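Going by the order they are written in, the chains are A, B, C and D; count residues from 1 in each one.
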Amino acid sequence: MRYLYTFLLMFGFWLLLSGKFDLFHLTLGVISSLLVSWMSSDLLFIDSSKKGRLIEVWRLILYIPWILKEILLSTLHVTWLALHPAMKEKIAPRIVNFKTRLQSDAARVTLANSITLTPGTITVRIEGDVFTVHALSDKVASGLPGEMEERIARIFTEERP
Amino acid sequence: MIWQIDIMILTLIVICGVFAISVKDLLGAAVVFGAYSFLMCLLWTEMGAVDVAFTEAAVGAGVSTVLFFAAVHRSSRQVKARVSGRLLYKWLGLVASGLMGGVLFYASTDFPDWADPASPASSHLSPHFITQTLTETSVPNIVTSVLADYRGFDTMFETAVVLTAGLAVLIILRLGGCRTAGPVREKSAAIQTAYKDSIIRFVTRMVVPFMQLFALYVIAHGHHSPGGGFQGGVILGASFILLAISYDLKMALNRINEKAALLLANTGVLIYAGIGFLCMLLGANFLDYSILHRILPATDEIAARSHAMLGVEIGVALTVMVIVMVIYNNIVSNGTYEKGL
Amino acid sequence: MSNFFIATGVVLCLFMLLALYRTIFGPTIIDRMMGANIIGTKTTVLLIIIGTIYGRVDMFVDIALAYAMLNFIVTIAASRYFAHHKNIRAEGYGVLHYTPTKEADK
Amino acid sequence: MINTLTITLMIAGLFFFFATTVGVLRFPDFYTRMHAAGKGDTLSSLLILVGLAIYNLHHISAGNILVTIKILFILMFIFLASPTATHAIIDAGYESGIKPWGKESNREGQDDLAD
């Protein structure tokens, strides 16, 4: 089953890349997609039995505007700090640990990358359930994980504990 | 050529070049050299040499930097300070290299201007390529047709050189005899096992299939856009290297083990030479593809050349992909295939 | 419009010079990696700007894509090096406590 | 109209790139520099590339739309890869035992588990 999914995804990607729709190039595309789905179909979809992937993708797309806003805020924050003459008084970097309740890899990676992209925080590592985060100041450190984990838990439909 | 950007990039490149030599920390030098390659590729694109830029991006900026890291990983990171020579010799060396540089600089004034239509290089052969390629081979990208058809002999031996390089790495690193009993057969841990750095692994998993498809696209569309067998092969090999880096070597070796890899590498060269011999068997010159229209269905002489070029590109891609992988796997594990980066 | 793109390219190069300072003078190897990563991302952007100036973005966009991918591989490879070697500076293996006041790395 | 939009986006991108590069030079240790590098890089590339993608739609044709999609694909890739690269570099630094810069008062409470 996952071969089929990978093949369809890859062929769609090929059509976007190629932009040539004559028979010869389409045949090459089919061959290439088959090759890739033979070589690495176990990478994209790990358990092919899982349902509701499309809904997750759709919710992820809806998540993008919010994260874009966060990136903008975060860069403004860093910009303000970087150009501030007394920058060293403004920042108080520290390392924070917190536990997450997200289970799946996809959700955790989304959370980690979102944390990296939001103001004043970078994910350093994930060990077991514990996220290690470097924060620029106490204020942002106390706000973790906060609203973001809620949102991501809703995307990946993980029930609350 | 856009001279404003040109000057800026050149300045950056010279700075990078000087410091890539003078940095004493070898890992740091590798990083600076990577930046140098990135900028070099930018310079090629900016001068309009798109295919060269693609090769530089794939080989120089991508794979060779990774190979440097692998080599530093297996050897030492420090430069041995060597106290050598008298001061006189150092001065002599400086004077000699300064003179040589001066002579080269003086000679560079004799070069024709950039893209000068009256220069010897572009007054004899180039007009033929530029005006006739499309009618003779029906391939819009002139560089591809020059490399794979007009100068096909050259490219065939380049592929052979790549194969030889891979074999040389194998021979040198295995001098003490094969340290493992044949190719690794044990499975690596399952993909979904929770690792410590699950972020990198997850992103790798998502990225690698797209990378492989992109590489295949580059190979298949060498006729129409920059790229071709060599660049696509390197990107394919790089995707396996990425797997080997972020998981472990066994992950990559489970997909293509050493035996299969070397078989594929030789098959690549064989495809290239085989197409050449096929032409001979049909009664034409070696690598004269136009004769192939007799056995390829539904083609005339021009289309046969185009299709044969695609076959040749696939051969090149196979060899290059596998050799890049073999070189990385051997350098990073010192020839034992046990632990990667 | 073309002049604006050229100016953008030149300004980008100037800022890359700033990032290059970190790449060259460190002080730690990780600062160099950071600088190289910035340069890599910005060359991707610059490639597309050059493509726009020439009016042939369709040719340059493939290279830029390959570039972004390979930049990613290089960064991952460089960072994985430290999973095996904990030495952050070239001299004095095992220097663990790094103080930012020590700037010299020559 | 399209030109104004492109120019605005690209100048904003350049500004953020400049500011964060200054941050990369000025911040006291590499963790804080990484904040500047990772975020500024992502956003400034994003803005400039979106500007170019919009400019590319000047003459609407099938080829141009495909090119725009490809630029957006590069964007998506940067979006995915840039935070990951940031994380990889900062993890490498943490692994090799660099202590983060901080005022003395913050040094103690580093290992508290706030869940």
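Structural remarks
Keep this in mind: a contact is a pair of C-beta atoms (placed from the backbone, for glycine too) under 8 Å apart; a residue touches a chain by one contact, two chains touch by 3 or more.
Only a predicted model underlies this, so the values are computations on that prediction, with no experimental measurement involved.
Among the chains present, the centre nearest to the common Cα mean is that of C.
With centres set at the average Cα position, the gap from chain B to chain C is 21 Å.
Each chain gets one centre point, the mean of its Cα atoms, and the points for chain C and chain D are 12 Å apart. Mean C-alpha positions place chain A and chain C at a centre distance of 22 Å.
The centroid of the Cα atoms in chain A and the matching centroid in chain B are 32 Å apart.
Those residues of chain B in touch with two or more other chains are numbered 197, 199-200, 203, 206-207, 214. Residues of chain C in contact with two or more other chains: 33, 35, 58, 62, 65, 69, 71-72, 76, 78, 80-81, 83, 85, 87. Contact of a single residue of chain D with at least two other chains is seen at positions 22, 28-29, 34, 44, 63, 66, 70, 73, 77, 80-81, 84, 87-88, 91, 101. Pairs of chains that satisfy the touch definition comprise A-B, A-D, B-C, B-D, C-D.
The residues of chain D lying in touch with chain B in their complex are 77, 80-81, 84, 87-88, 91.
Chain D meets chain A in the complex at residues 16, 19-20, 22-23, 26-29, 31-32, 34-36, 38-40, 42-44, 46, 62-63, 66, 69-70, 73, 80, 83-84, 86-87, 90-91, 94, 100-103, 106, 109-115. Those residues of chain A whose C-beta lies close enough to touch chain D in the complex are 16-17, 19, 71-72, 74-75, 78-79, 81-83, 87-88, 91-99, 112-113, 116-117, 120, 122-125, 130, 132, 134, 136, 138, 142, 144. Taken in their complex, chain C has these residues touching chain D: 1, 4, 8, 11-12, 15, 18-19, 21-22, 28, 30-31, 33-35, 37-38, 41-42, 44-45, 48-49, 52, 57-58, 61-62, 64-65, 68-69, 71-72, 75-76, 78-83, 85-88, 96-98, 100.
Of all residues in chain B, those touching chain D in their complex are 197, 199-200, 203, 206-207.
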